[in-house]
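Data block below; observations after.
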Amino acid sequence: MEHLINIVLLGLLMLAGFAIVRTKSLLAVAMLTSIYSLLSASLFVVLDAVDVALTEAAIGAGISTILMLAAIALTSDEEKAPRHTPLLPLFVVIATGAALIYGTLDMPRFGDPAAPAHRHVAPTYLQDTPTAIGIPNVVTSVLASYRSYDTLGEVTVIFTAGTGVLALLGFRPRRRNTEDTGRKKLVILRVVAKLFFPLILLFALYVLFHGDYGPGGGFQAGVIFATGFILYALAFGLSNSQQLIPHQLLYVMAAAGVLIYGLVGIASMLLGGKFLEYQVLANDPVTGQHVGILLIETGVAITVAAVVLIIYYGFVSRRPAPGDI
Amino acid sequence: MIGLAFDILSWVSLLIGAIFLLVGAIGVLRFPDFYSRLHAVSVSDTMGTALILVGLMIQGGLSMVTVKLLLMFYFMIFTGPTAVHALAEAAIEGNVKPFARKTGQ
Amino acid sequence: MYIVVSVVILISITMGLVRAYRGPTLYDRVMAANMIGTLTVLMVSVLGFLTGRPEFLDIALVYVLISFVSTIAVLRVSANRYGTARDDATGSAQE
Amino acid sequence: MQGPLGLYNYWIVIVLMMTGFYIVIARPNLIKKIVGLFVFQTSVFIFFITMAKVEDGTAPIIQEGVNLYSNPLPHVLILTAIVVSLATTALGLALVVRIRESYGTINEDDIHVQDEAS
Amino acid sequence: MLTENLVALQVVVPLIFAPVCLLLGKSRHAWACALTVSWLALGIATLLVTRVATIGTQSYAIGAWAAPIGIEYRVDMAGALIIFIIAAIGAMVMSYARRSIEHEIAAENSGYFYACYLLCLTGLLGIAATGDAFNMFVFLEISSLSSYVLISLGTTRRALTAAFQYLVMGTIGATFILIGVGMLYMMTGTLNMMDLAQRLPGVDDTRTIRVAFAFVTIGVSIKLALFPLHLWLPNAYTFAPSVVSAFVAATATKVGIYVLLRFFFTVFGIHFSFVAMHVGEILMVLAVVAMLVASLVAIFQDNIKRMLAYSSVAQIGYMILGISLATSAGVTAGMIHLFNHALIKCALFLCMGNIFLRLGSVELHDLRGLAQQMPWTMAVFVIGGLSLIGVPLTSGFISKWYLVSAVLDAGLWPLAVLILLASLFALIYIGRVVEAAYFSKPDPTAKKVREAPASMLIPAWLLIGANLYIGVDASLLAGIARQGADILIGAGVP
């Protein structure tokens, strides 16, 4: 039965992809991209990847789309037709696709439990996580402990993006009252936003600390946290939302998350372990794992939240005219 | 016995909810102009959503799942109409004209 | 029962997707996207019950939030961009 | 599913990947290119998640009474890759905004004409 | 504590100081921070090389999770050599950077610049140190994303389009690598390179592995700008800030070549790569075409940075040619040239930075008669240029010598002729610059310029000094390269 849902979702994805190719209005393309991302997130749920689904929805359908919209607001909406007939690209794409399909022929079948990928390293994670790490969510345990170094790299990547956007777009804090605050028609949105804002932040904390037991973790929490502020900015204007977090604090937060992560690693070195060996952080190895995972997840959340906000503010404050997205 | 009654109740609720969703979607696809389509959306946004969530809540029983569903219900009952309202307003501002029957249309 | 509901939701999503592709105005597309968001939320919740692990409703909660915020965002962009009438029916879906 | 039909998932995913790839290399609009990259990468994520699925398995969150889980490792890899894709999208769009400010266009062909002229 | 964690510290130190650099904000402080960290990294790299030379390959399990379960850092002689050259170039470039950055980059952006530089350094070092295929992808992205930013900070608007083009192509390349790694994982269930090498022979006659090989190769080839996929490189090097051109030209493509070596020899094994997949023949053709065509194109460039960029494409051809022979001598020659070319190109691009600082242009016709005004800078250019051509007593001669003898060993004498032909092209394009700077009458309306400041001359001269030293006595470098090549080739023998 799940096969049916699976096939239908894939078909819908193809439809959305086709629509993205054909549509000329970039705002519409951004909407379709958001749909594409949301559909793939649903597919991830069907395929048991709940953590990934959460992240894809928050990052792909949420933040990426909002950034695309912000970029479109700063540029233009219409796409011109290409000057040349795209024969060469078509050829390249068909050749690449044919190569990939050729490569699938010897792959293990979809869902095959005997596939080598499910036989070699993964069973260790599933078996050892309850005893060695002591948390039920295996994705979190692999992400934050077994392969925590990748996650450090990932935080560094997002930090790089933040630095890059700062370097490219700058960061111009808005002074108050430079924009029209008296939009009567926003009143419903404002009431709802005011109602939701604290709930969203609370929910972000839940996702952060519940990540050991269910889908969630530092990234998702950071993004949800930032989304709360973005909603606030949409309803009340940029300057009002920037009153909530001074931009100097955002810099400090973006750097602090990476530093927390790195320093946990250094600390475990100083305590006689290897880099990021959490066992040495407490007397009991499992407690050490808990402490380490909690610390680094918090670090991740802080950096991600700060960087997403820096990027968003960077785009939106680029706009000279009053009014923000 | 009670369990069966609850099951039937939830199934009925889910089924009616699904019908509302389908009707709304057909409306979105088939209605002739933007504002009437918006009307169709609100059918699935309110009744469809509510009934499906209620059906699931009955299935969930008294547990954390139901609390989450309630929270979702709360969220959706606010966001749906707000979004639709904002949409309608933006459309009016963007000068989308209501449908008027013209010859040949 | 869950399967029936999910199938109905998938059919509805397909209709919404067709509307999002056909337009004709931007607002139609936003409306369709918003509807797809709502439907996805419901489908994820139903799927949780279908697969017997309903504790993953957190995902659905995030979807509600995200789809709301992105709808508002696109409306604010369009409100800032087009003060006046703009129907992109021409040349949007057809090349 | 056995036989070559058991690969249908991968084939559709490859079509999706190539859709994104085509947008990147065939479209002159810079934002469209970024969208293409996004679609391309998202489809690769679907490829990884497909490979992680185990028939009749469930999400890899340990629970009493369940003993068949899907493979958690690709999930972890894709969590990382999603964040990388966000970083790429953000940087790419920032570049597009700057290009628009200094060239007045986001069409690759027009930019090329301006560069040739200077 | 220090010695056993050396490998991790090599990468983690610049990583941790990147956010610190961002927080310092002010140009001076950020520069001081980046400079200290670069020299620290060079110090660690020196210790690491000696350690690898005395004790042997260093393996480090991060988080104390043993290899296929956790991520492993694994540095053998080849990796240590790459780490050393990256760190050395980093230290030189940072010593040089302050004046040049003050001149070319707005003050409010310089904090971001130094942070991005450290991130780029982190990424490159991480790629060279890691023994895990996916971890390599992550660090590849760190270095790529930061280099897009660094390039986009160039002085003209074309830097933006160059960075965008690089971003699009680089991301396609990275995604190809990701697809390839995914297929490898699918067929073997592991991501660790040594473990992959052990488990691949069992499945290496499947179509999936062949396609995975092709995708990884194409993806890496985009990153290292192998001939038909080099389109991003000339613009990126031309319009980037001088310091960035020097740093990226000397390191990024080199790391790409190292990744290619790792995959060909360590992961897939020499037998699969070169016998089953015939990658040697394909690469050889591409390398020769790159050498000849890119050198020829370089002759017709009037912007000297662009000329050097095309020359880089050609020089990458030399390195790939050595690797494509798949012999110990060939890989040794490739690695020696990789090292030497990093020294040469860094010095030449630093030289361009000096000229740009004083003259505000690197167009050939603006350089007429410059040798009298900036003798020390032009002397760097001449020696670097001679080295690029391959004149005896320079390091370029050493690499050409090893390369030609490797080619002759393999019995491919026509290739040796082509190498000499490409060197002739190099003679022409370097000659054009020398002719303009030394033997042309300066434009009477041109402004008089001073010699570049000492802080910018000394690093360039240090690089030239190293270059000349290798030209005289290459035994140390050749020994290390030979050892690295033997490990690579030996690892692939089933």
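Letters are used for the chains, namely A, B, C, D and E, taken in the order the chains are written, and counting of residues starts over at 1 for each.
In this text, contacts are C-beta pairs under 8 Å (C-beta built on N, C-alpha and C of every residue); 3 or more make two chains touch, one makes a residue touch a chain.
Keep in mind the model is a prediction, meaning the values are calculated, not measured.
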Q: Could you pull out the chain whose C-alpha mean position is farthest off from that of chain E?
A: B
Q) Highest contact-pair count belongs to which two chains? A) A-D
**Q.** Rounded Å distance between chain B and chain C, as computed from the means of their C-alpha atoms
**A.** 12
Q. CA centre of chain A versus CA centre of chain E: separation in Å?
A. 32
Q: Would you mind pulling out the distance in Å between where the CA atoms of chain C average out and where those of chain E do?
A: 47
Q. What whole-Å value do you get for the distance between chain C and chain D if each is reduced to the mean of its CA atoms?
A. 20
Q: Two or more other chains in contact with one residue: find those residues in chain E.
A: 134, 138, 141, 145, 148-149, 152, 179, 185-186, 191
Q: Please list all residues of chain B that touch 2 or more other chains.
A: 75, 79, 82, 86
**Q.** Residues of chain D whose C-beta touches two or more other chains
**A.** 17, 21, 25, 51, 58-59, 61, 63, 73-74, 77, 80, 84, 87-88, 91, 95-96, 98
Q: Could you list each pair of chains that touch one another?
A: A-B, A-C, A-D, A-E, B-C, C-D, D-E
**Q.** Interface residues, chain C side, partner chain D - complex
**A.** 51-53, 56
**Q.** Residue ranges of chain E in contact with chain A within the complex
**A.** 1, 5, 8, 12, 15-16, 18-20, 22-23, 25, 60-65, 68-71, 108-109, 112-113, 115-116, 119, 122, 126, 134-135, 138-139, 141-142, 145-146, 148-149, 152-153, 179, 183, 185-191, 199, 203, 206-212, 214-215
Q: Quick one: which bits of chain B touch chain C in the complex? Just the residue numbers, please.
A: 11, 14-15, 17-19, 21-22, 24-26, 28-29, 34, 37-38, 41, 44-45, 48-49, 52-53, 56, 59-60, 64-65, 68-69, 71-72, 75-76, 79-80, 82-84, 86-87, 90-91, 93-96
Q: Spell out the residues on chain D that touch chain E in their complex, using ranges where they run on.
A: 17, 21, 24-25, 30, 33, 37, 40-41, 44, 47-48, 51, 73-74, 77, 80-81, 84, 87-88, 91-92, 95-96, 98-99, 102-103, 111, 115
Q) What does chain A use to touch chain B in their complex? A) 185, 188-189, 192, 195-196
